[in-house]
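Take a look at the structures below.
Same chain, two partners: chain A is paired with chain B first, then with chain C.
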Partner chain A sequence: MSRDAGGAPGAHGYRRGPMRTDGWLAALAAELHRHGLGSDLTGHVVAEAAAHLRDSGESPLAAFGPPDTYAAAVAASVGGPAPAPRGRVVGPVRLAARGITKRYRRRTVLADVDLTVRAGEVAAIIGANGSGKSTLLRICAGLARPDRGTVRIDGRLGYCPQDGGVSDFLTADEHFVLIGAGRGLDRSAARRAGLGDAAALDWAPKPGVQARHLSGGTRQKLNLALARLGTPDVLLLDEPYQGFDRGSYLDFWHQVWRWRDGGTAIVVVTHLLNQLDRVDTVLDLTRAEAAA
Partner chain B sequence: MEQDRRAQWLRGVLDLCVLGTLAAGESYGYQLAQALDAAGLGPIQGGTLYPVLLRLQRAGLIAARWRGGESGPARKYYRLTAAGETTLRQAATDWSGFAGRVGAILSTGGTAVRTAAGGAQ
Partner chain C sequence: MTKTLVVAEMAVREMARRRVVLIILLLLPLAFYLSRRGDQLGQSIRFVCLGLGWALSTAALFAGSAARTIEPRLRLSGYSARHLIAGRLAALWAVGVLLSAPYFLLVRLDQHDVRYGAIAAIMALTVLVSASFGLALSVVLPRELEGTLVLLAVVGLQMMLDPDDTSARVLPFWFSRELATYAVDHTGGGYLDRGLLHGVLAVAVLTALVAVAFRVRQGRRPHLRFEPLR
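Right after this comes the complex of A and B.
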């Protein structure tokens, strides 16, 4: 009886609330982390939401909406992932492509394209379908020959193709060991590295499952983890997030920033523009194609 | 429809109303929401209010600090910065000019607009 004195809805919410509120706050913290907000800011936002819920007695869903929606609003209001640490050290040039020209029959796909990426930088290659984005990446990876121009890579190279690159009848584990061996990793080191990158993308490979049984998005996570084996100095990623759900997509960019801050030179082929204000270089191939 | 319009208006001025409320002194999120409700803006959800506070803080218009209450939990208190005061003063002038012009158009049935159009032809 006395419980209802403070107003039935609030009292009701409080009685059933704590478990639900804790779960909601934990989910909010996870979503904020996915958006790449630093742990300081995440802590503040979660603590502030908790204080608000205690003060108001409202249910978290009524006050803030679903955790992922609220996290997205918070991320938008602070401009997305934490910016690179101030005074971030940009290292030596890792990839230098000069005057790359490529023709298929009579069609010029790439005309005199330059791209320079330093250690600790991210470059995005954008452009319409057929503008030569993947071709340029394959040339940088040494998988295709340009008709003119040179590519100089300083360091080890990792390449994640848009599709393929995964063998249907091998498990994730067998992939890690096999590709790792090619990069000088013993079995346990290769497994550890592969599983670590898989976990960062919210994927725990099940033992014994062959790649042909994985979804498209999960195959791409495997592809990414394979490209990362041996921690290459230059990482070439060709739209590696296809088939990812939104959470995994955010995880992916979060990892890109971490690899960058670790000194990797990264090139991402993408048609999604919303991350471009946070990359160091944007190479737009659309114009080159139109001019050709 | 009416509800939509109100929400749109609020989106346009909520940050300024927060600055205006903070001009009266330091406050925290839930208290601000109550003050804005009491001032006649209606209930404002935490999910709407806190991103606005973050944006204002990022822009340097307000500053924040955590303060433990004597009995209750720690709360994040916001206060106006010098830049915030400047922005608020400027916005107050701009807003009354804008609201006055909108009000004139609405209440005179667009006389001013017809006159201007007639002059042009």
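Right after this comes the complex of A and C.
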């Protein structure tokens, strides 16, 4: 999927004519896909639009407007993204956190928190600022120590922090090699895997560009791609979409569904609730904090 | 071994991209050397070695501090403390040799009637000690400014204290004074022996401190276990 194809075209971007119309229809299909519409529905909408343009002879911009705007309207009218496939089989437990309690001085941030995530499941951790979402994730990653409780993990762990996690003076390619070597990947395999995940997030790293020159959102894409290197069994994502534009945000969730369908156990810290109907488990730390 | 080499390669790449810092590091010992060249040639050798120690320790401090943000990720990716420490030390040693080589040539061409082998030994030990000293500061002190101030104090004291004073001997670069005296004043082998012993001990103690402080900072995580779940 190409951001350029889906972005708002200029005033003369999609004029009348078979090539212009085809480009507009392709961009529409990409945007509908990005909004989570299934293949059948996307094909139907595109076919309907193509038929209308053919019959009316209008330019696509005049008839429907920019493809991203039209796709957003269609997605809203059909009620949002496609539901998760029925009968999806989840696998064994990959992460089991039990009785996690954490205090900072006299303040209890986490009180007896449990979390279980199976292979092929997505768990969302939600809660107000300061409710301990990131702390819980850091405890699960072994980067912080709880006052009480245990975390057991079956398989390899990937972690994407909220910020940081990259080296300012290294390029994306060098990051892939560095993290990949830790995972046991050779240089070419690490580069291939990293570039593949970057492409899935609609980002093609330019050679020679150091991380300090990347925008905030692009740094987070690098962070996500690094977390995915070596195809971990458990993926811990701490609000990884910071700085993403809307399209990248949708791309991110599509990737999450794909990784989940591939059998990864995923935990996402989030404060954005509009995707919660599609996750398998929601752990609300606001309630836990209030109960404590 | 591959992991250590990759860490070393990336650390060298990172340092090589801080061009302004590298230029300042390269010129700092020259300023030290020229400051005493006019009157006391022997002192200029002692000063250039201390300048090298200061410059390389600062480079190590900043390299260690800059690596803090990516360290958790490296640990989760399969790197051990041994990989990270050995890789960074190797990178700093390589940069140190590159920075020291022009100064050895300078002394070789500019100074006569000195023991060049001893001067090479000072510079080699300075590279080894500085890398461990700067890394140790970066691990023990959380912020660069604090590390820089400690570094400034240590090198300043090393310059001002009487080398015969006991307190001067616990400072990491005391060996350079002893070896420089042997090299410049053609003293007996006692200076050489004491200097070499102090230098080797300084490297060993500081490297051990890096390893211990690194493990303490990373901390034990007994709550986390990787095991099959049913």
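In this text, the second predicted complex is superposed on the first by the 259 of 292 C-alpha atoms of A that agree within 3 Å, B and C clash if a C-alpha of one lies under 4 Å from a C-alpha of the other, contacts with A are read in each partner's own complex, and residues count from 1 in each chain.
Just so it is clear, a residue touches a chain if its C-beta (ideal position, glycine included) is under 8 Å from a C-beta of that chain, and two chains touch if they have at least 3 such contacts.
Since we're looking at a predicted model, the values are computed, not measured.
**Student:** Regarding the shared-chain residue A:R54, is it in contact with chain B (first), chain C (second), both, or neither?
**Tutor:** A:R54: touches chain B, not chain C.
**Student:** Can A:A189 be said to touch chain B (first), chain C (second), both, or neither?
**Tutor:** The answer is neither, since A:A189 touches no partner chain.
**Student:** So, does A:P161 touch the first partner chain B, the second partner chain C, both, or neither?
**Tutor:** second
**Student:** Of chain B and chain C, which one contacts the greater number of residues in chain A?
**Tutor:** Of chain B and chain C, the partner in contact with more residues of chain A is C.
**Student:** Is A:V282 contacted by the first partner chain B, the second partner chain C, both or neither?
**Tutor:** In the superposition, A:V282 touches no partner, neither chain B nor chain C.
**Student:** Quick check for you: in the superposed arrangement, does A:R145 touch first (chain B), second (chain C), both or neither?
**Tutor:** second
**Student:** Output check: A:F169 vs chain B and chain C. Expected answer is one of first, second, both, neither. What do you get?
**Tutor:** second
**Student:** Quick check on the superposed pair: does A:A27 touch chain B, chain C, both, or neither? Answer first, second, both or neither.
**Tutor:** neither
**Student:** Indicate the residue numbers of chain A shared between its chain B interface and its chain C interface, in ascending order.
**Tutor:** On chain A, no residue contacts both chain B in one structure and chain C in the other.
**Student:** Please output the residues of chain C touching chain A within their complex, sorted ascending.
**Tutor:** Its residues touching chain A are 2-3, 6-7, 10, 13-14, 17-18, 66-67, 69-70, 72-74, 76-79, 219-230.
**Student:** Spell out the residues on chain A that touch chain C in their complex, using ranges where they run on.
**Tutor:** That would be residues 92-94, 96, 139-143, 145-146, 149-155, 157-159, 161, 164-170, 174, 177-179, 181-184, 210, 226, 229-230 of chain A.
**Student:** Could you list, by residue number, the parts of chain B that touch chain A in their complex?
**Tutor:** That would be residues 28-30, 33, 45-47, 50-52, 54-55, 58, 66, 72-76 of chain B.
**Student:** Taking the complex as given, what residues does chain A use to touch chain B?
**Tutor:** 44-45, 47-56, 58, 62-65, 69-70, 73-74, 76-79
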